[in-house]
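Shared between the two complexes below is chain A, which pairs with chain B and chain C, respectively.
Right after this comes the complex of A and B.
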């Protein structure tokens, strides 16, 4: 009886479990311990050759930053199109499965490019961002966004939305826009901080 | 609707509710902080 129940609701149970563990981690001493343990890694990042290039040549940093913004624009554009369609705001004449599939491809390219350029930029200012709470908010939002997109949203929408409750589809679209807005806005905030 | 889809829907609803709730609290606190800073700057 119990194994059948657990198996039938395994995705929901996993979602609750991951949320519980994340909240428990966030409000415990483990978070501070993990933060302190990461300090040598950030010090090493700044002395690595990526960090040295980023700090020495401002022009290289500026070009990579521009590419980072372009990647974010690509990612954001793909999200606006797919989530806007899910909310019924735009492109209503385009089949939703086709649109979601193509937008997801653009989203993945944008995400990979944003991660690659973001890592380079982080190396150049590693010891600064390590002490910025907004950087950790961004990393948390990024992790939540990636998990939500690939473990929840994508599997849910891959089989179409016709059999789904409309409010579930809307909630998924709003949550997706919210979490990626938080990632982008926190990233901009890092630029204003310190 | 089969059990797999029901599970996917519930998981999506839980995750979406969690994300929207946490984001609302976070941005409300940030806006409050900005307003307090502006009020202090005005004296």
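Right after this comes the complex of A and C.
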């Protein structure tokens, strides 16, 4: 679809396009409209059976919260090791492609567990978190993290790390650590808000 | 006797100006707690990766001694951060923490996890030369890795439950709970 000379730039163009759409969304009335449109969904989440369980049994909510933290630790540990390897800080004598591939599996399991437990927790306090800016910051950071990991980092590194400039590899690792740190830190801050 | 000593020590900590300042500082307390929670990533996150390697579930192609040896330092930094912030959190709310059943259970589990880690370390050091490149560690070490996963799962659950006041001494629990929590008869400060 793109002219041949732009083929090697397709990922950069797609990234810029997605960033442009996100910025346009963030600074326009669309954002407020979308937020208002989501209110019935959040009200329904709290009345769903997941919401009812979370609200009725504090013990179940607390254990799921702990599982959410363990999933975060698993996801973060895998990320720390793979990004630490890209930065040349950890496991320098282990082949980078092998390490990234294997650590990514652990990362995905941690991510799925964090999403499942996070969904349960969100249902129990849906109408509260709906009004918390920090919750939306976390959701935005999560979306950026998932997009960055699966649409940019993975394909970019899969094409051959040896062909990339070392500073590009380091920048990818720093960006990855920064965005996932933001997800984790803003997530904890939800508990202190509201 | 033991519970009385713990209570008096907690009261002494609680009387300190810095303890109150830390507890009542919205940002400082929240930052310390957030750091405590995020320190799970370099500590438990990396520990789980090492345990999963021993079970053959993560990085089976990489020698076990490389995973355990090279990752132990970032893991220790994580645990150092976790212990430091954990002590600060205890210092901020000493009486309630010292009399929390979840906190006491967590300390027992932490001791169990530490003991398991020491046994695991020595067993691994003694035998790793024979199985370093094997995808799965020998049975005794696999048991140690499973125990480690179990201990830390329970530690995180207990840590999270400290925030809940179901069994607090201020609610006047009775029987085993009151003894395990270390509630003192007639105590006026909680």
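Keep this in mind: the second predicted complex is superposed on the first by the 186 of 194 C-alpha atoms of A that agree within 3 Å, B and C clash if a C-alpha of one lies under 4 Å from a C-alpha of the other, contacts with A are read in each partner's own complex, and residues count from 1 in each chain.
In the analysis below, a residue touches a chain if its C-beta (ideal position, glycine included) is under 8 Å from a C-beta of that chain, and two chains touch if they have at least 3 such contacts.
Bear in mind that the values here come from a model prediction, so they are computed numbers and not experimental data.
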Tell me the contact category for A:14 with respect to chain B and chain C: first, second, both or neither.
first
One more residue to check, A:45. First (chain B), second (chain C), both or neither?
neither
Where does A:156 make contact in the superposed view: on chain B (first), on chain C (second), on both, or on neither?
first
Return first, second, both or neither, reflecting whether A:125 touches chain B, chain C, both chains, or no partner chain.
neither
Quick check on the superposed pair: does A:111 touch chain B, chain C, both, or neither? Answer first, second, both or neither.
neither
Please indicate which partner A:142 is in contact with in the superposed arrangement: first for chain B, second for chain C, both, or neither.
neither
Regarding the shared-chain residue A:94, is it in contact with chain B (first), chain C (second), both, or neither?
second
Tell me, which parts of chain C touch chain A in their complex?
26, 30, 33-34, 37-38, 40-49, 52, 58-62, 66-67, 70-71, 74, 152-153, 156-157, 159-161, 163-164, 166
Which residues of chain B touch chain A in the complex?
1, 3, 5-20, 23, 26-27
Touch list for chain A against partner chain C, complex:
58-59, 62-63, 65-66, 69-70, 72-78, 80-81, 84, 90-91, 93-94, 98-99, 102-103, 105-106, 181, 184-185, 188-189, 192
Looking at the complex, which residues from chain A come into contact with chain B?
8-12, 14-16, 19, 137, 144, 148, 152-153, 155-156, 159, 163-165, 168, 171-172, 174-175, 178-179, 182
